[in-house]
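Have a look at these structures, which come just after this line.
Here chain A shows up in two complexes: once beside chain B, once beside chain C.
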Partner chain A sequence: MLRIDSNRPTYLALRQRWAHYLTVFVALSLIIGGLALRSQIQSAVTRYVDTRIGIEAAYPANWLIETNVDDVAFRVRNMALAGYKSNIQITVRPVSGETTERNIGDQLALERSLVLTDYRVISVEDFDLNGQRAQAITYTYASQESSPFLQGIPIVVEGLDILLIQREQAIVITFRAQAESFESERHYFDRFLQNLEF
Partner chain B sequence: MSNYGTTRLLTPSKEEEIYPYHPVWPPVIVISVSLIGVATVSFVFFELFSIQLLPEVNAVLRYAIALLPMLLWLTLAYRPERNVQIPRSRLMTVAIATGFVAASIGLPFTNTVLRPQEWLSLESAVNRIVGYTLTVGVIQEFLKYLVLRFTVWPAEMRIRQDSVAYGLAAAVGYGTVVSLDYVLTYSATVDAVGVRVLTIFAMNLAGSLVLSYGLAETWFSRATPVLLPITLIVAALITGIAIPIRAGFVNPSLALTVSNTRDILGLGFGAALATLPLLVVLFLYNVAETSEKIALRSLSD
Partner chain C sequence: MRSRYSYLVFLLACVFIFSSEAQQISDVDIDRIKRSTVFIMQVSSENLSVTCVGTGILVRYDGLIATNAHHVVQSERCPGDTLIIALSVDNDEPSVPRYRASIIQANVGLDLALLQITQQFDGRIIERDSLQALPFVELADSDLVEIDETITVIGYPDFGNSPVTEVRGTISAFIGEPSGGDRSWLKIRTSDASILPGTMSGGGAFDREGRLVGLMTSAPTPPDPDSGNCTTVEDTNADGFINSLDRCIPIGDFISVLRPSDVIRPLLRSASLGLTLELLTSPRFQVSGESSTPEITNLFFSPSVVNGQPTTVLQRVPAGAESLYLFFDYSGMTPETVYEVRVTIDGLPNQTFSLPPVRWSGGTSGLWYIGSGNQTRPNGRYEYRVFVDGLLAATASVVVGGPAEDAPQFSNITFGLLDEQGNLTGSGYVLPTGNIARASFIHRNLEPGTVWTQIWSLDGRPIPEARISAPWQDTGDINTETIPLQAVGGLLPGRYRLELYIDDFLSALGEFIVAGSQAGPLARVFSNVEFRQADSPLSDPTVSPARTYPDGVNTLYIYFDWEQIAPGTLWTLEWAVDGTVFYRQTSPWNAVETGEDFTMRLSAPGGLPDGTYTVSLLINDILLASEEVTVGIGQLPIDRFAQAQGIQLRGQIVDAETGLGIEGATFLLISEDYSVADFTWRRDQLYALAITDRNGRFEIDRPLQFDSPYSVLIEVEGYLPIAADGYEITAETLAEIGGSPIEMLIPLVRD
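Let's turn to the complex of A and B:
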């Protein structure tokens, strides 16, 4: 068996060195381009205006929008996700002048504990919504929203309600996502809140 | 007195020129054809005839199919190197190193950091091709390029076909890790695994062969420095095109009735992907080698 000495001199010509420099440069540029494309797609928004309840919002592009379903004035869902679809919704309720955010939170907790499986409030704290005082309630529950024809185990959903009262209306802005991906999806909600006007 | 008969004297046979390297194209073609065959057989057995096996047997078959490209490569490409005069000594190094970078960098970066399926699935066809090229494609081919560059290029490049052999090793190493990740992540049926493994191998092989052409030309001919980055872009583009097109073929269209995945189209696409780029790269290598022979002949004349 012949062996060729692999340690033979392998001097690279200038054009060969440049070929490798260019390849590394091109590859890194393309990867940065990929990250920029991801950022651009993820931050793309669609504007929504509802003069009836007086809100103007920018929700993530490609999310599915539903308006005026039951008591929900506005809801968008991320249909690209498998399993539970992360969603943002706005609910508006008329309230009396003495009603506080805490009252609304307690009422929501009572209602949800009857309809949502294993509903648990994790935290209640003050929240600054673009300079306005609001209350943030974090909670979890088990969802079984998948097709009844498919056998599947419940999904743990984490939710965040931002409650505020304005013009004798209680405005509840809700973000819900699968508990595992709640933090990674949270940036959609933060950007939504930044652009929300009412 | 000498007596000469009428029988003609036989011309002594010419000594055969022994080719000292193991040929690379037959293993590439046999592995591709074998994977197409296995995917077709598993499709016919499990999809058309709906053959039911014990879950344990199914699991073994799924892992066996995921490891099949590596087993075929060991049998048809790696082991025969022992029987030739001048073997390629770093094939296993390249296969293992590529597998390691796939498992430690490529897959984690793609699946946990970039997660292209989450933000590209609802985009337009062009955006999806560009997106997958700039994420999965570039990372996959750039990692393979780095492994080849720092393990075998140019020290182990004696003939152009060395680049193909090491490119095949890189494709098998990377593809095996991606296939195992698929089997471990999804509890797919045997026929779905067969089609997916074929597609993964075909994508990796096509990309690696295009990249290996760039590496070979950069070392053996006076190629422009732009050729190597162009081959990297083309290799990434093959992956970028293949992923959304395969999904388009396999995923059912929206209908009011219950729809199944169209695995037969996925199988056809995998077979086309395993053969067409291979033929194109084979043609390019033939052109390069013929041009070199003509140039050498004109020099000697």
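Let's turn to the complex of A and C:
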């Protein structure tokens, strides 16, 4: 007659042990794979080439792209965001041989002060753009972009312009996001700048 | 897979709520039209007081507004310098100021102006193309409008305290003038006999399809508190009281006429294409009327009008007459002059044939007419009283009734030159300079021996040697007679008139212009029309002319030579693109008599749109020169936003759990050429895009078209997206769900 002693330790068979190890391994693999997939989706990019102005860029996938609207050569927006849609844009304008980044920055400030509500320049700093000298201007304004027939409340937007002059044209690379989420969204822009070629 | 699931969710989630207004007036898209109707406040920037108010109507998605000139153009009556545009955000509530606008086209005489929204209400400039597409209306063909046709007029009935108002009515009559032919004005009558206040002036009248038939127009009234047409609402002199010492806001007379859409169309076409035409040849003469005081003289009646001239002069009108026109000479008139014609029949005022006070749309002096055709006139004694600036200027009367009489009569005067066979040739109303001009006319029932008189005049002054009075002699011709005008030293350039009298009663009158040299049967007045290109309005044109230019050309210079045009001669410059007139101006000639290279400049900020441009030069409505130039592909580009009509789509996106609106959600309506799977997040693949407001409400800013399978994608962070293909609306389904606008309620599930 077989008796089971409940106080006696239970030993798993080798097969059972391996089954447990495999289960844990598969679970961990799935978690890691899921995280990797999520990361891949989040960091997925779409390539963009504009031979007219000579730029090649990679922007976040599933951002809405517009090209050649007025003086904006390229603009992408994250339409999935609630509130203000973070965006990256590139504008190109002709310059003379004596124009400096600072001149362009002043022009932008004058123009924007007429168009944007409560436009304020926060800082002007030198910037290293993939080894090239550039200037970074940080600013804020209140955005009111909703339909005139709807009830929109202004949103405080923070913007960052990277200005550089190359081949007798000024290139202004701009990132704008809701002020509260500017830093958390900034990585999109940093990655965009890393991949930008012109 | 996600798409299929989302499609089911989308179909289940959409709840259609229908507008009660649309059900009441199913034949007119009244909601869209009301939203297109704006309240205009002219404001003085000095003390921020309102100086004039009126209504306007959006005629393009990019903020182009048609309205009357008298309440927006700066003047003594309306001295403000800033235009505030208030929109009907909720059609049941008063309008809300949203924008500022600038005048881009104005014709004070026609009392028409086109405004462009250029700034936000707080003064911020609106960048080009950044204005959200606004609801607007299309223009109807006002030539197709018929008497007794039902219309809906829409405007603001007071100073902005009330919401935009609609009134049903009918077209009751047409009134003809030289400014716009037989349909210069459309008379309207409200169905409930209600009065349309002056603040509705500039608002629209719409046909059953919701297209703009005409612009309600009333004359401006002086800012006089005692007139009853002016209201004081602000302490403009800052003395702490609102009284008669403060400036009041003129509200205009009651409205009973429309400026038809066909008169608005040229202004709209040039404004929407951004075209600017400048006449660069410096004026050498200041052409003005002989008298600064307006005068109306020499009134008579004619049964019909040909080329702006009376066919004959009537002393009595037979019963059943359908056409009657009052002609008169005018002088000293200006575009600011207000004139009015009151008609009584047997002493009783008649609204159908009367013209309420309106701005003068003619020149400084000349021959004018007012009347109508194709409208049977009841018998009676018609008295026409012409008022100028509120004062009675002239009266004339005629009796309608009785049988047609066989009274002696002259009619249908035309002018020309005799060819070798002795036939009268030429344009009929413009003759070249030379030794002799001839007039041909029809005569009826003239007995030999009847005394008749011919009186010729040049620029209003009779030519004594050409006055002939003699007994009528039967020439044997079949009712036509030709008489010469021969001047010693030749006919000088100018405006000539022939008056024919029978027994001292005026029987016929005709005018012609002598200008240019003889080139066959026609006068050669304008020649060598040339086009040259320039890189910008500030740069010099190219040396060699051309007829074809590549797309993107910024500026065209146009030159022509001219011969022997008397200063003050009315000439007409007309421009058309792809056959549609966008500029037509008749003005007195103010250059020297003969010259070369009269210069015009046609430009547009972003370059001239591709198209075939035609310039035409006319005198007395006779085409004397015309040339074409082609830019780009020679055809205007298709404007994908140009269609105003369709189905309005709006709604609310809410949290499925809480039912609260989701702010900042994106509603993407993908063009019918793409499915959700094909959509690669390119802006040009979208038909429209909307973002929800603080309450989760959204509006699609372009009307949807019937039978177009759109795809929908709704996204917002924190919720499962919705994607659906084949969202299509047919006329039948729209009728089933109650009509436009369609309201959607879309719940989203948290992810």
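Some points to look at:
As a working rule, the second predicted complex is superposed on the first by the 163 of 198 C-alpha atoms of A that agree within 3 Å, B and C clash if a C-alpha of one lies under 4 Å from a C-alpha of the other, contacts with A are read in each partner's own complex, and residues count from 1 in each chain.
The rule is short, and it goes like this: a contact is a pair of C-beta atoms (placed from the backbone, for glycine too) under 8 Å apart; a residue touches a chain by one contact, two chains touch by 3 or more.
These numbers were taken from a predicted model, which means no experiment stands behind them.
When the two structures are aligned on the shared chain, A:80 is found in touch with chain B and with chain C.
After overlaying the two complexes on the shared chain, residue contacts for A:117 are found with chain C alone; chain B is out of touch.
By the touch criterion stated above, A:15 is placed in contact with chain B alone, chain C being left untouched.
Judged by the touch definition given at the top, the superposed model places A:49 against neither chain B nor chain C. By the touch criterion stated above, A:38 is placed in contact with chain B alone, chain C being left untouched.
Of the two partner chains placed by the overlay, only chain B lies in contact with A:26; chain C stays clear of it. Residues 62, 79-81 of chain A lie in contact with chain B in one complex and with chain C in the other.
Chain B contributes residues 20, 84-87, 89-90, 114, 116-123, 127, 130-131, 133-135, 138-139, 141-142, 145, 149, 154-156, 158, 218-219, 222-229, 232-233, 236 to its touches with chain A in the complex. Residues 35, 87, 89, 98-99, 120, 122, 124-129, 132, 134, 662-666, 668, 681-684, 686, 689-695, 697-699, 701, 715-718, 721 of chain C are the ones touching chain A in the complex.
Across the interface of their complex, chain C is touched by residues 46, 61-66, 69-70, 79-85, 114-117, 144-153 of chain A. Against chain B, the residues of chain A that register as touching in their complex are 1-4, 6-8, 10, 12, 15-16, 18-20, 22-23, 25-27, 30-31, 33-35, 37-38, 41-42, 62, 79-81.
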